[in-house]
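Chain nomenclature is as follows: A, B and C, assigned in order of appearance, with residue numbering initiated at 1 for each chain independently.
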């Protein structure tokens, strides 16, 4: 926390001072995205533009294809840009590799929108990473999420439906379990049906949700699970019919038309801006990337969908009107 | 103490009671005057604040309406009221009424009924119009006054201390002294011990008359005896001439001897014991010394805050170090200057030494009022520390000059008592002044007080105290020689250092932090620590009385037992903190610590002379006491460091207990070492100028 | 009654009562001001926090700090709810006024005293400063990753507070003097009364000593005085007996 305060102070000073004088040539940033330009990239570029940092971007989109990443990695190695930017866990792993099998040495990497950098083995720890990779993760700490749910309505049993093939989700579920047990609650788990070799299936979602409700779940937790996202309409629909309130942890989940009740999310744009700030630290302030810690936002957005609340007859407490965004 | 003495002491207590009564009544009158003004002015402000709080709720209701959420069905409204009432303690009732019926309410409904005690705001809701009602605590002002009660109590206590010092100053303790001497003289005469009859010039009024009558009666007897003895002596050579003469002479001589023995007839006129006795040993030094200490102690409570508010100056000092620096520098300078100052003041004379200290201190305070940066302040605090050391050494020297071994304990006890009295008065008054008129003006007031002290000293201290015999210049080799005495070293290591370490570590470092950690403010910590000074002021005279009585009746020196006992009790107090007693634990700790220190401090000082008797002759008293004080004060400086380390690594309870246990063991070891007595110093009652 | 004792008793009474009344009045005066000031500041802090929240909400929507179109109206309407407020500014991290209820202030830096206080304040904490009769209560505005982008600054005047405080102090001083005078007199009279009783007691002792007669109350000082006289007489008689023994036949001279 102290480090963050220090950096915040530095940042404040940086913000208030005039932007650094333009260098002889613009910085070259190699951007690798997974599914196109999102608000994250807009935030990233917007921040650097606002700060007057001259940048020349090279954009490469993998279109959710892992093979393309190997190509991009080779290209980056030849080009030797000043900084590599990556979106999401897959793109980051594809470009920079895990910390015990690092690739792309010598070029600093800034990632954005990775849900769990340590669990995905991108960095061994969030500070003092030991490699020139840093970035911003977008999922609020589990403790904050649980607090946010409690701020709406206190509970003892939390239900979760997740894809066992995603390491992200497994990590989040175990953190949830620990966090709940510490506070005297219980986690009710359910996994998506799977093929014999572990691929998830969309069958049996209704039964699973109903069973969670029958077992006494008071909320349904929607984690940063890609398979969940693709089947969100079904999951959220069933939950609403069953009278089970849903809580989302990413912006994409709460922004969808599916009837999700509430969520504590990072604004993608803010994530991009923060990543831009880290890029500025590396390029302009000349801090080595290994000295810039991996962080998440300090303030998340609490979103409540009013119509869903009314349908569920599950109204938010008045205090939430102060700090939640109602839609 | 006989019943006779108690009865005359009753008048002294009555005078004290009169002061308490008058001061309390005056303070209460002021409070009563202020009360109605407070009520009149504060209530509307409180209501205005309640209205602003109401706007916050109104905004929420507005938002609810914008999203078409029915207010009556929203959960959490009562919780909101709870948290708002907690944040704004003067608000005691919040409710939302629809058609005059409360749909949400928290607090004490009765308060809403009081006229002029509430505000109402209309709320826009989806349903029927609602009204937000907020009521302010009618007893809020009373509660403010209750909070002030403790501070008023402190003012009363400080007024008492000041009145006692003032009484001693104004009357020169004359009245008390005269009556005390009269009691003793009467008692002596009534038991037929005329040699025990003394008189004093400081008596007044009827006491003076009676003493004069008594003295003249005894003097007459003495003269009669002397004439008779002279007559016998004149005729003695002729005893062989006449058998009858011899008979008469022998009979007369026998009767004379019998009478002299039976009535302890004196051979000299009744002595005047003067104005100064052991308990009044500081005499003319007392008022200036007290005033000087008071001026020093004024700044103690707000110095860290003041230091923190100044710009840092040319040297880069991290802000968190700022809090401890002024105090540390002060103590360090005091410690380091002790040894040399002792001999210097002996050479230059106590009066001049004190004047020098007073002037320096006054200058330092006045300059501190205008300090522009932290570095400047630190330099000034160093000067103030030096001035304090000078004044301290001069006053202590005065005490040592005027006492001998029998009376030294009492004398030093009084000396310590004055220091403690000033430390009771100074910090709270300084805090009050700083709150009221600001720290800079308070420093200015301190400067004025120190100047006053210097002027008093200049006027009152007898010049006869000026330089006396040529004092041998003390060399570092002598300090080493003093320390080479194993018993002196043992005294320092087992008693002096542990005692100081535990006091400073607990009272000046751990307890304030502990109290803050428990969620109380600095004023509360200050009051708890004040308890230590109070126990010292009360305990030291009692201890000396007991010690003297034991010396008188059992003819033993109980110093060792007292010093060891004090260490043991201190150690026990530290171990007490292993139990989760919270704030009460801290209070008990400080209380016990005060008692323990009161028990040991004066006997310990007196033991120094006994333990290093031989060295005293060689090196001079000032050198020995100088070394003693230096080592003691190094214990002062070590205390916070040790405590900080223990706190960092182990936490509060272990820190307290560890230091306590160590001191306890030292106390036992001390007792074992000195159990078989201490060689008494030769009686040093020389005639001093 | 001796003049010296009387004078010292009067001095003592005056100083002690004077000291305690002065300190009590100082305490009351300070508490009065502190209570009023605390209430005002709390009220204004609510306003500052409200403003801060409006700005921060706009930031989360992605609107740039310098681009919040709705803010001037919000500031104006907020200012109208609270008569104590002289103006509300929203400044950036360097102290330049971005939005203000007083249009001439926009674009110019804030006063130096407020800027100093801003820089001295603890990061992320509301702060307060005063300079003469002007004061500000401010709350910092932070972005989503904790950087302080600026501050919501509520400016107000301390005139009313100063006036009320001065009035109270005058009132207290006047009546306090009266209390001090009364207290001094009361204490002085009480001390004199105690002294008088003491003197009377001592006079009785004197009489007992002179006459050698006292009431037979065991342990009383009068008895002791009488005994003293008796012993003196006894001693004198013993010496006279010795003289007589010497004088039995023949003179002393």
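The definition used in the following text is that a residue touches a chain if its C-beta (ideal position, glycine included) is under 8 Å from a C-beta of that chain, and two chains touch if they have at least 3 such contacts.
In this text the structure is predicted, and so the values were computed from the model without any measurement.
Seen from the C-alpha centroid of chain A, the farthest chain centroid is that of B.
Counting C-beta pairs in contact across A-C and across A-B shows that the higher total falls to A-C.
Spacing of chain B relative to chain C, judged by their CA centroids, is 21 angstrom.
The mean-CA centres of chain A and chain C are about 56 angstrom from one another, to the nearest whole unit.
Centre-to-centre separation of chain A and chain B, using mean CA positions: 62 Å. Shown for chain B are the residues that touch two or more other chains, of which there are none. Among the residues of chain A, those touching two or more other chains are numbered 322. Residues 153, 306, 309-310, 315-322, 326 of chain A are the ones touching chain B in the complex. Put simply, chain C touches chain A in their complex at residues 53, 56-57, 60, 62, 64, 92-94, 123, 142-149. Across the interface of their complex, chain B is touched by residues 1-2, 4-5, 8, 11-13, 15-17, 19-21, 23-32, 34-36, 39-40, 42-43, 46-47, 50, 81-82, 164, 168, 171-172, 175-176, 179-180, 182-183, 186-187, 190-191, 194, 197-199, 201-203, 205-206, 209-210, 219-221, 224-225, 227-229, 231-232, 234-236, 238-239, 241-243, 245-250, 252 of chain C.
Against chain A, the residues of chain B that register as touching in their complex are 60-61, 63-64, 67-69, 71, 73-77, 79-80, 83.
By the touch criterion stated above, chain B contacts chain C in their complex at residues 2-4, 7-8, 11, 14-15, 18-19, 21-23, 25-27, 29-31, 33-34, 37-38, 41-42, 45-46, 48-49, 52-53, 55-56, 59, 88, 144, 148, 151-152, 155-156, 158-159, 162-163, 166-167, 170-171, 175, 179, 182-183, 186-187, 189-192, 194, 204-207, 209-210, 213-214, 217-218, 220-221, 224-225, 228, 231-232, 235, 244-245, 248-249, 251-252, 255-256, 258-259, 262-263, 265, 429, 432-433, 435-437.
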